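Note that chain A is present in both complexes that follow, paired respectively with chain B and with chain C.
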Partner chain A sequence: MKRIKRYLRLYRVLVSQFIKTIMQSKVDFFIGLLGFFMTQAAGIAFLYLVFEQIPDLHGWSFSQLLFIYGFAQIPRGIDHLFTDNIWLVAWWMVIDGDFDRYLLRPMNLFFQVISEKLQPDALGELLVGTILICVSASNGILTIDAVHILLFLVSVIAGAFIYTSIKLFFSTIAFWVKSSGPFLQVAYNMAEFAKYPTEIYGKAIRFLITWVIPFGFVAYLPAGYFIGQHSALSTIGVECVIAVVFFVIAYRFFIYGSKCYESAGN
Partner chain B sequence: MIEVKSISKEFISPKKYPGLKGAVKGLFSTEKVKKLAVDDISFSIADGEIVGYIGSNGAGKSTTIKMMTGILRPTRGECLIDGINPATDRMANAARIGVVFGQRTQLWWDLPLSESYTILKEIYNVSDEDYKKQLAFLNETLGLEEFFDKTVRTLSLGQRMRADLGAALIHNPKVLYLDEPTIGLDLVVKDKIREAIHEINQKYKTTVILTTHDIEDIEKLCSRIIVIDKGRKIYDGTLADLKETYGTTRKISIKTEDFPGIGKVRAALSSSLNNGNKEPVGDNELELNFNPDESRLEISFDKNHVEVSDVISSLIRIITVKDIKIQETELASIVKDIYNHNLGANGPEGGGR
Partner chain C sequence: MIRHFMHTYLPFASNELKRNLAYKGAFYLFIVCDLMEVFISYYLWMAIYQSSGKGTLGGLSKNEMVVYVIMVFITSTIIMQSISRTVSRDVVKGNIAMTLIKPVDYRISLISGQVGNLIYHFIVPSLFVWIFLEVYKVTVLGEPLVSPGRAALYLISICLSFLIYVLFDFCFGMVAFFTTYIFGLSMAKEVLLSFLTGRLIPISFFPEAFRKVFEYLPFESMVYSPVMIYLGKYSVRETLFVIGRQAAWVIILYLLGSFIWKKVTNRLIVLGG
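Right, the complex of A and B next:
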């Protein structure tokens, strides 16, 4: 308990230093945010055009598809907001020997990686996701009650953990290959598949995003519960189990990898 | 108490082949190259010692320090820092040590220095009272006030180094590791850093381990030095002993008039020195040089074979001496010789190989 309190306090200190840092370059901050809204706006426009052409897909209505699309954005946004620094481990930190400084401080390594940065760009994803879910709700395709709202929050958090686990796992490869950015990029791009129902893909991709890189669990599966097709246990329950299993695997792998870290010569 | 028990570190990397063809070949090859960066090194360091850890580039200095600080795990052997093994108990070790890597900063680049210190205070869980006391001490020894509110990015290298040293000391560590703490600094700042290290060591009995290429760092700070080369320890002892063992060359420099020529001086000197001497002095044991512009004669020899006083008394009889200067070997050239492997094989540690 004391330890958790200490880490929460440290998190506050470290994150506020980060915020102070980005506030020192306000221009960068706003340009970044603006750029991200533009990207998101383009994404929605694209979505609109696609669904103009294809009013329904494998028995999924347009509003249901919109919901899955929006629902996929929220865990992605949460993960993006809080753990974006993992990308730097994959691309630079191991090869530059920058990871040294984490090893020199008396704090948990994973905690140090994620507490160093917040990614304000993620606010765009969260906003778009929220808007699309509100639109879906007003279309009347969702069941809205206390249990559903609670499970929605659980599902979103579990989904974020799945995103984080995948990022962490593929970054960890850097401890052996020095820079695992390209691997992570490929794995992370699979998340694009999460925005649509898994049924529309071929067998191979379906297998891949279900059992290897489990993006199928972050939106499509739990969405089945909220639109009243499946039970909570078979959707949110499974999602939570997958999130825990993958996170434990990724975290252990990361800690193991950090022990194989070779630093960089001077 | 630091105990390093026969640690080795092996780096394994894929084999590289030359040229473009080689690059393609390397892509499909599974051959590995093993590099032994640190090879079976042991030593122990008592509390409060200042030890200079020296060696040429790539000798394995940084790799050893990285194993001691918990960044790298030894392939074989272990280190115990006050009984804590950094490889298995990284956090406990990290809380008790301070580290400065001269080429890198641990400060927050975009924040004022004061903010970095506040963050470190939280990270190391320093109480308000201890923090205040330590900061006052650091201010006094490192003169942090003059740039305490400046953004780290805008600090000069000298200021940044002082700031980094202070940052490594906020939690009053038991052991301080300094990797080239004076690299690139001007003489005034170097002195200031050295004084600060000395003062900290005196006040808190902090153990200091420093790597450096700057001989003055060693002369001014270290009571003991460890020399490593190609991953192996080749010398471990006091600075005085090192000088006694290796620094036995003496150079006598004489300003003279009416110089009769090297050949004549050499002949006269040899016969004078060998007069009644049981072990004759060979010609190659005396190195003579004459600089006609300054009309200065320089004679180098090993003081264990030839007595300095004999040489001088002989010379006075041979030539007119207007001025005389006796130089002992500088540490810099001893270290240079060790690096160049001229001495390593005969050293007290190397002899046992």
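Right, the complex of A and C next:
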């Protein structure tokens, strides 16, 4: 308990330091926000133009797809906001020898990595996600009651954990290959598949994004529950199990990898 | 004159080519990323055609859409060689001062370097994907091979596309003089380009009013026009017009770039460097 308190306090201190740096460069903040916001907006515009031509896509309506799209952005945005520093571990920290300083402090390694930085760009994703979910709710395609809202929060957090696990796992490879940025990029981009219903893909891709790199469980499958097509257990239940299993594997792998770390430089 | 020009700028291209050959691992993984995008569009479009129940959407048949998706990938892989990243790095680090005292044109040296990249990307992966596409077209889709004339016109067109892209990107890189956070802006640029060049969705899907506006912008000429030439969607006269328009954009963007460069370097102050 005492330890948790200590970490919470540390996190507050580190975050407040970071917020100061954002205030220092407001223009950069807005540019980053704009970049991510526009990326999402373009995806929506694409769907809109396509649905001018077709009534539905494999039985999914435009408003349902908008919901999946928006719903996918929330866990992605949460993970992006809190754990963006994992990218730096993958790309530069190991190869530059910057990782040394984490090993010198008497704190949990993973905690140090993620608390180094908050990524305000993620607010662009969270903004688009929230807008789309509000639009979907007002369209009346969602069931809204206490259970659904609670499970929504559970699902979003589990989804963020899946994102974090995948990022952590692939950045850990850097401890052996020195820079694993490209590997991480490939794995992270798999999430693009999950923006659309997985049934449109071939069997191999479907298997890959459901069970190997389980981005299918971040958005499309739980979305089925909120739209009222599947039961909670088969979607959000499985999502939680996957989130826990993947996070434990990724975390163990990360700790094991950090023991194999050899510092570079002088 | 020309020999002197080649002698000066050819090393930039060959250096870039050699560098690409040295760092292959990351390069191949990024190709995997791009190919993933192709897979997504392919499956998505197949599902869209299936759901529509119509033979053609936005003037393209299902088979033509397959060719469109793959040719868009090939075209953008070949032509989109970004120089704005180098420009912004040079500006932020102050290296730009060095380029001002060297007896080479900064912009031409950057573009020459990208010619090296272009050659590399033309061979890996584009040529392989292109051959695959033609084989796929004949064996699976039952369509004839592309005629040599059309392929040649396509190649001419993408050379101009490349110039339009790099000249535009040079102008874009100039914003580095005003902000250091080029990452966010590049992202916004990428999105805008993927939309306006027809990478994400064929221009013919846009409402009439939008298309009218796009005709007066350089973006359509980067990707959409050469791919449409390849698909044989233009008559001979239209093809000549489209290529002429591309050439016009090359000239306009070149002059614009010179103008901005002059303005910006006049007020440049470099500390250290």
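Here is the rule we go by: the second predicted complex is superposed on the first by the 264 of 266 C-alpha atoms of A that agree within 3 Å, B and C clash if a C-alpha of one lies under 4 Å from a C-alpha of the other, contacts with A are read in each partner's own complex, and residues count from 1 in each chain.
Keep this in mind: contacts are C-beta pairs under 8 Å (C-beta built on N, C-alpha and C of every residue); 3 or more make two chains touch, one makes a residue touch a chain.
Just so you know, these numbers come straight off a predicted model, no measurement behind them.
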Next on the checklist: Let's test your reading of the overlay: on chain A, do chain B and chain C clash or fit side by side?
Outcome noted: fit
Next on the checklist: Going by the contact rule set out at the top, does A:Y196 touch chain B (first), chain C (second), both, or neither?
Outcome noted: second
Item to check | Touch count on chain A, higher of chain B and chain C | outcome: C
Item to check | Included angle at chain A between vectors to chain C and chain B, based on C-alpha centres and rounded to the nearest 10 degrees | outcome: 90
Checklist entry - Which partner does A:F170 reach: the first (chain B), the second (chain C), both, or neither? => result neither
Checklist entry - Is A:V27 contacted by the first partner chain B, the second partner chain C, both or neither? => result second
Next on the checklist: Looking at A:F71, would you say it contacts chain B, chain C, both, or neither? Reply first, second, both or neither.
Outcome noted: neither
Checklist entry - Which holds for A:D100: it touches chain B only (first), chain C only (second), both, or neither? => result first
Checklist entry - Does chain B (first) or chain C (second) touch A:Q185, or do both, or does neither? => result second
Checklist entry - Is A:F110 touching the first partner chain B, the second partner chain C, both, or neither of them? => result neither
Checklist entry - Measuring by CA atoms in the overlay, how small does the chain B-chain C distance get, in Å? => result 7
Checklist entry - Intersection of chain A residues contacting chain B with those contacting chain C? => result 25
Next on the checklist: Could you list, by residue number, the parts of chain C that touch chain A in their complex?
Outcome noted: 25-26, 29-30, 32-33, 36-37, 39-40, 43-44, 46-48, 50-52, 54, 57-58, 179-181, 183-188, 190-192, 194-195, 200-201, 205-206
Next on the checklist: Which residues of chain A touch chain B once you look at their complex with the stated criterion?
Outcome noted: 6, 9-10, 13-14, 17, 20-21, 24-25, 100-101, 103-108, 259, 261-263, 265-266
Item to check | Complex contact set, residues of chain A against chain C | outcome: 25, 27-28, 31-36, 38-39, 41-42, 45-46, 49-50, 52-58, 121, 181-183, 185-186, 189-190, 192-193, 196, 200-202, 205
Checklist entry - Mind pulling up the chain B residues that touch chain A in the complex? => result 11, 58, 62, 66, 69-73, 87, 90-92, 94-95, 97, 99, 101, 103-104, 106, 108, 110-111, 115, 118-119, 122-125, 179
